[in-house]
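Right after this note come the structures.
Paired with chain B in one complex and with chain C in the other, chain A is shared by the two complexes that follow.
Moving on to the complex of A and B:
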């Protein structure tokens, strides 16, 4: 166990935990766009910056990304000092210059008093902040369908060669976890389109409700050994089936008892 | 000896108290959440059976989770979902052969029975003891003749 101070409160933390986890557990709200518990911390959005110091440091302070900084004994953490706020403000100013039309970034920037960017906005702006959360989740799930492409101002998130990614199974994890909701997809008439690839959604064999894509079910079946027929029905029809089975059991025992 | 949620369908009257209790126990921001338990008609007139996660020994939901958001809680015996880790791919919803991993469309997340951390409210409020949370000894499976 490690003892540290967060905003004047003495807290306990496990060895090896990151500062952000401790701060969130204490109920202190600090912005973090690129963070997700499912994947390793990355430190891309730079919004979870905090000020750290120690008694032994003679008044010196340091500014670190809390998602990547492991807890230390006797560390003194401040999350909302004027300097930290100023740092976040300039990061948001830059992000607003990159994504002037993103409602999520605009809202966050407005909270820190940035209504218009002081830089020149990107001319062909999209809403991607290049945090790489989508690619990290895709890698974690073991599909590796998308990645960051190019360098510098030409960097972007894209499938290989900008073509329909062969490894994508259409699970939608990238799009649903994007902090700025920039990844476009559509579910129309039992077909899902994402990254320029079309997938067929499995239709429940009883009620016709669509569930996950056939490719995703096949991947789960191949990798995890789940029988493919489990995916043929929707969750509600599965429940109905279970209730009928239980009813049969109950009805049968009723006959026996009487 | 592990406690289990024991369902006795013959005692269920279909009063849906369990559903109400579950929704309130899993409320989100002060609003009732999606119930994890459903009394559904069991195929006979006036016969209802509560359908709830059975916390399988070899759970398909846990196997299907590619980000390890589902894990066995050794204390309660429940398969717990870590909502922070969940990426909402809905693999578990599709994979469960009993349909007991649910997708809550209102709050855009996946929910499943967590046995209320060791004291299920549905069993507590069930007026007819159709739902009971009690220790059970594993019985040998009888062979069908």
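Moving on to the complex of A and C:
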């Protein structure tokens, strides 16, 4: 175990934990847009920056992204110093210039006192903050269908060659985890469209409700050895069936349990 | 043939040296990047062609050598006749026959091809007398320009692989590290991190396998030190890497070379094959049981891939984006394994350090920045080229004594060191010692060794704008302060250069710069605002002239200048009329010309052609 101080509070943490986990566990609210438990910390949005120091450092302080900084014995962490707040404000000011129309960014920026950006707004602004969460989650899912393209200010998220991505299975992991809800998709008439690619949604053989895409089902089946027929029913109907079966087979009742 | 023992290597050296000195004359043709661009290959081909026809006693085509960069690029293509060191400059294909007839057949000198120092009007016969060479001290560049490029025989002949042999057979890994620590060698890529400390930390990490990496992703505009080493003397890099690998216990290594250096890629690859064939690389090196395999990894040309953590991701086949280095790469580097990464020039120094000892190396340079440093001296300086000087040499010595001063004896305005993220130092800083700490303290940095000389016709706002654009384009785009911050900083610099900015914008830029420096993820972002910060530190008045007076004192920023014909001086030669792409200059022959200001796009072509008459003014 490691003992450190966060905003004056002495706290314990596991070796190897990152500061952000500890800070959030303590109930301290600091923003982080590119962070997600499912993927490795990235350090791109720079909003989770905190100030660190140690008694032994003789007054020297450093600013680090808490999502990437492993806990250290005797570390003194401050999450809202004037400089830290200024750094966050500056980042949000810049993000607002990039995404002036994003409600999520507007709200967060306003919390740090930025109502309008002090810079020139991007002319053809969209709401993508380039946190890369979508591509990282897609990689983690094992599909690698989309990626960051280019570099610098002109960087973007896109499928290969800007064409319908061959490896996309339409699982929606990217869209559902986007902090600014910028990845568009539609489920219409049993068809799903995302990244310019159309998928057929499986219709539950029991209730007729649409479930996941056929490609996603196939990928899960291939990888996990789940029979493809399993995906012909929706979760709801599977559970219904399971409860019926369990009821019949086990014949559990309250009396038996007690 | 495989070299199994040190004694065998010594024998080989003797054989190769005899072979190298067999001829009483040797012709060295510089085929460094600068000379090649000026047609050195054609000259070499011509030498071969002519010599095939002529039979000269004591001379054969074997004594004709294409070498790496000899350094004095300004005077290229260069041809040197050894052993006397006769130095021919600006050689053309038509000069080849005369050189052969005069200098090889008759051992005389072609006077008209010798170098004349413009400043003193003195002509020099051999290169060692020329101030440009005389004041240099070559350690990393020791063989370049002297031996056939990428030739293991000649490398061994001049003492190559002796440092490696010494390390592998006579020293323990820890002793090698201690020697490098004693030498005080600091990272030549610009970081200046002590190499010995880096190696020692890596050696201590309890994890396998370990890797050595050579950073050959030299990306600074105008810099070509590492290129010259990789092309001209790749074996010195390999030898340094073998020693490093032995010291830290690595069995695998990568040389990351940018694809834009095609000859470097080819020569490094060739050098690896040559060394492997001789048993100096690969399994059981020199019969010591030590193994090392080196691989070439080609970079796609992203500047950011010169940043160590991005480079390592690129080597592993991932997108070249840096990661936070709170866990250092000596601990978790390429493939998450302990990795020692050094720059080309750093590795090239290592064999000499092992051979001559760390103490010897530490006598060169300053106490905290030992050894020598290679620079590419470019810009408005008379003698552009590749140089190597002891650390602690002053900027003035480099620019005036070696570089021969500013072209046309114009006053020097600034010198830019450290590449895009370095800084501009004004005239009154020229007596600063060139070493890691002094330059950083002055607001610039050593960087990998680019040095750009600027005269009064260089506008610092324009310079800042150029480098900010470069860094903005080359930012990997991962973290917000660098990607968005540098973009905005550049946009504001553009506004200044177009006379649209206010003094508040300057404050905004300074504040933003501060936040980019603190907030960015990697070195590129952290040093990204430097082009602005160092110019505003020393040239605030010039910024204010753009902002308040809407003037560009250097006459560069198009929106703020006008070109005018001085009717008194204009003799009506019509040269400017011919040069004007806008066709906005009118006038008859022999009569003063007039520029139509409404149509003029301020390209400056008229100004350039009127240079001698001085009849066109820019204000």
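Throughout what follows, the second predicted complex is superposed on the first by the 243 of 258 C-alpha atoms of A that agree within 3 Å, B and C clash if a C-alpha of one lies under 4 Å from a C-alpha of the other, contacts with A are read in each partner's own complex, and residues count from 1 in each chain.
Simple rule for what comes next: a residue touches a chain if its C-beta (ideal position, glycine included) is under 8 Å from a C-beta of that chain, and two chains touch if they have at least 3 such contacts.
Here the structure is a predicted model, which means the values were calculated and not measured.
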- [ ] Scan A:176 for contacts with chain B and chain C and give back first, second, both or neither.
- [x] first
- [ ] Go through the superposed model and pick first if A:43 touches only chain B, second if only chain C, both, or neither.
- [x] second
TODO: Using the superposition on chain A described above, determine whether A:150 touches chain B (first), chain C (second), both, or neither.
DONE: second
TODO: Check whether A:195 is in contact with chain B, with chain C, with both or with neither, and answer first, second, both or neither.
DONE: neither
Task: If touched residues of chain A are counted for chain B and for chain C, the larger one - done: B
Open item on the list: Under the stated touch criterion, which partner chain does A:234 make contact with: chain B (first), chain C (second), both, or neither?
Closed with: first
Open item on the list: Output check: A:141 vs chain B and chain C. Expected answer is one of first, second, both, neither. What do you get?
Closed with: first
- [ ] Pick out the shared contact residues on chain A: the ones touching chain B in one complex and chain C in the other.
- [x] none
Open item on the list: Using the touch definition from the top, list the residues of chain B that touch chain A in their complex.
Closed with: 7-10, 38, 40-44, 47-49, 51, 60, 63-64, 66-69, 82, 84-91, 93-103, 108
Open item on the list: Could you list, by residue number, the parts of chain A that touch chain B in their complex?
Closed with: 36-39, 137, 140-142, 171-173, 176-177, 202, 211-212, 216-217, 220, 224-226, 230-231, 233-244, 246-251, 253-254
Open item on the list: Going by the contact rule set out above, which residues of chain A touch chain C in the complex?
Closed with: 42-46, 49, 63-65, 68-70, 83, 86-87, 90-91, 94-95, 97-98, 118-120, 129-130, 132, 147-148, 150-155
Task: In the complex, chain C residues that touch chain A - done: 302, 304, 319, 323-324, 326-327, 472-481, 483-488, 491, 508, 511-512, 515, 518-521
